[in-house]
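Same chain, two partners: subunit A is paired with subunit B first, then with subunit C.
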Partner chain A sequence: MSFSQAWDAGFRALLIYVGVVFVWLGLVEQRFDDPETSVAAMNAAAALAAIAFFIRAFLRARAERAKAEAEVRALMEGEI
Partner chain B sequence: MLQRDSSFAKEALRYGLIVIVLGFIVFPILWMVLTSFKPPQDVMVSPPRFLFTPTLDNYYHAIVDKNFLFYIKNTLVISVTSTVLVVIIGALAAYSFARYNVGDGHILFFILSTKMFPAIAVILPYFLIFRNIGKTDVGRFLGIGLDQPGALIISYTMFNLPFAIWLLVSFFQDIPRELEHSARLDGLSRLKVLRKVVFPLAAPGIAVTGVFTLIFCWNEFLFAYILTRQKASTVTVGVESFFTLQGILWGPVAAAATISVLPMMIFVLAMQRYMVRGLTFGAVRG
Partner chain C sequence: MSQSLSVSAARRRPAAAPAMISDRWFSILLIVPAMAVILVFALLPLAYALNVSFRFADLTRGGIGAFVGLDNYRAVLADEMFWASVGVTLKFTVSAVVLEMVLGIAIAFLIHGATVGKGVIRSLMVLPLATSAAVTGLFWRYLYDTQFGLTNYFLGLLHLPQPNWLGDYTIALWSVVLFDVWQWTPFVALIALAGLQALPKEPFEAAELDGASTFRVLRTLTFPMLKPVLFLVLVLRTIDSVRLYDAVAVLTRGGPGTVTESMTFYLYRTGLKLFRMDYASTMAIFFLYAMLVASLFALRPLLKQFSTRASEG
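On to the complex of A and B.
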């Protein structure tokens, strides 16, 4: 994963984190009696979603790189 | 081994500098989003609190009490209309400059010169023109007058056209003339060549021009502040309305700013691929 890909995925993961916070505060928080538990659960859910997105982006970037390298290798072997 | 270490150090320094620069860019946005979730007692404390109980009260205040979605709707109508006009007029003008060299480059330079003076220099004439037009029947019918969307649409179109034309001229210049000649030989009229050959090839450039114009229109403050009062106010003026005589409502300001940034951020992220393609369009000439 290149630096720019990591930055892009990181920024999107941050947006996902904020999105989860929005949804949680708007829809889920009322179901909790204790606000501290709700905040802890919210942060855990948001972090989980953001990390899952980042890992997915990382695996996707790695697979794309492997595919591109295989294509280049096949081309080089074909030329030889 | 020594060479490898030195190259690693160079890379680390390079990326370190990039991270610092990007940090400077992203930190205010992050701070704005964090502040929008803070309760009033945690907003202006020193040292700043990063751990707090988040709340949607600021958003409630901005959306329900201040009717901020009204400003979003106004901005959307004004920005999209202005962007469509800029892209259509700009693309036609830029094509004529790129292909027919209209005015031998002098007119093209004159168009750019309108970008050289600050907007504040022309705001008074604009104010007087729109005030007088707004009093006429035509002005009222077309919605061109003070505190009407037409005034902002025309102002934004006038101010963004030079930038769009200059950007698009370089995109059109990168399209080989031979493609147009062969299309003409196939029996296509000039307009059809433009519609079926030139515009599809310049699509990434047109898209990037549209995105930049939309961003400029969305974030513009001065014209919106001077030419509108209430009916046609945009998001930037809406955010300013939280600066009251009693004090600045930082929480609602941050919430309103976050709401106004979100549509643009989502739009730009969706268009990111086309923007990168558009910006690198014609970078390598054959």
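On to the complex of A and C.
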């Protein structure tokens, strides 16, 4: 994963984290009696979603790189 | 002869001096001014707003107060006025952008087909864009005036009802939409016209030879080829419409009641009229977040198109 890909995925992961926090505060929190429990659960859910997204982006970038390298290798072998 | 030439050229060109600065540092140096402007005018205020959104900041009771965690976010999410302003903004954006796109594209086709006066029409169309909404808004306020307004004067001549354009809560928002459509339709028309004039002629000549109907040419050639341009205009107009502030500030100031109070105007009223900087900062963060997510989704097809073209090229 290149730096620019990591930057892009990191930014999107941050947006997902913040989005989960907003949705949680607006829709889910009133179901909790204790706000501290709610905040802890919210952070856990948001972090999980953001990390899952980042790992998915990382795996996808790695697969794309491997595919591109294979294509280049095939071309080089074809030329030789 | 050639020898003398090469000697004189060598004399003229001095030996390459060792570089004072590497290419990498030179490129960094070039972007430093832009980065400094972004840092001072965008990132630092954003960091400050983020800080204030987590604090108690009622300016009528002193300055920036204690850390309150997510309380401001909870308060804003539970605020009915905030959601009402979001509704007004969405209603305005959808109606204004749809009207501007439809009218703008239609006007672009008309001008494209015109044989004389294209230059004059184009120049006239730039006029609403060249004037700020604060100025043209004042003109429109006089046009909409119930006693002295030209609009109601002409309606009266035709014996038609003379509505209170900015005071009637059922039509006040549509009056703002009408003003925005008047100001921004020429922008859509000019961009669409530029796109139309840049289209290659060969496919259209081939379609004409094949006897394709006008509708078929539009559906299969003109619109697909214009799509990137139209999509870009759509995104630009949507982003600009969501930021609606000046038209509301000049025409209605959010009234009557709060029926034309857009998100940005409510943010302004909360922060600079009610002095609740904490809620205003929180709303600004919400606004920024919504715009970022919307931009990511809106620009995705465009960026995909660019990357496809780059890989094809």
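Note that the second predicted complex is superposed on the first by the 80 of 80 C-alpha atoms of A that agree within 3 Å, B and C clash if a C-alpha of one lies under 4 Å from a C-alpha of the other, contacts with A are read in each partner's own complex, and residues count from 1 in each chain.
Convention: a residue touches a chain if its C-beta (ideal position, glycine included) is under 8 Å from a C-beta of that chain, and two chains touch if they have at least 3 such contacts.
Just so you know, these numbers come straight off a predicted model, no measurement behind them.
Chemist: Kindly say whether there is room for both subunit B and subunit C on subunit A in the superposition, answering fit or clash.
Modeler: Superposition check on subunit A flags a clash between subunit B and subunit C.
Chemist: Going by the contact rule set out at the top, does A:Ile55 touch subunit B (first), subunit C (second), both, or neither?
Modeler: After superposing on A, A:Ile55 lies clear of both subunit B and subunit C.
Chemist: Contacts for A:Ala63 in the overlay, against subunit B (first) and subunit C (second): which applies, first, second, both or neither?
Modeler: In the superposition, A:Ala63 touches no partner, neither subunit B nor subunit C.
Chemist: Which partner chains sit in contact with A:Val72 here, subunit B, subunit C, both or neither? Use first/second/both/neither.
Modeler: Touch status of A:Val72: no partner.
Chemist: Who touches more of subunit A, subunit B or subunit C?
Modeler: Residues of subunit A touched, subunit B against subunit C: more for B.
Chemist: Mind working out whether A:Trp7 is in touch with subunit B, subunit C, both or neither, as first, second, both or neither?
Modeler: first
Chemist: Touching A:Leu25, do we find subunit B (first), subunit C (second), both, or neither?
Modeler: Touch status of A:Leu25: both partners.
Chemist: Give the one stretch of subunit B, out of 75-83, 93-101, 111-119 or 165-173, that collides with subunit C after superposing.
Modeler: Only 75-83 shows clashing C-alpha atoms.
Chemist: Which subunit A residues are contacted by subunit C in one complex and by subunit B in the other?
Modeler: 12, 15, 18, 21-22, 25-26, 39
Chemist: Applying the document's contact rule, which stretches of subunit C touch subunit A when the two form their complex?
Modeler: Residue positions touching the partner: 69-70, 73-74, 77, 286, 289, 292-293, 296.
Chemist: Show which residues of subunit A lie in contact with subunit B when the two form their complex.
Modeler: 3, 7-8, 11-12, 14-15, 18, 21-22, 25-26, 35-36, 39, 42
Chemist: Mind listing the subunit A positions that touch subunit C in their complex?
Modeler: Subunit A residues touching subunit C: 12, 15, 18-19, 21-22, 25-26, 29, 39.
Chemist: Where on subunit B does subunit A make contact in their complex?
Modeler: Spelled out, the residues of subunit B in touch with subunit A are 15, 18, 22, 26, 30, 33, 37, 53-56, 265, 269, 272.
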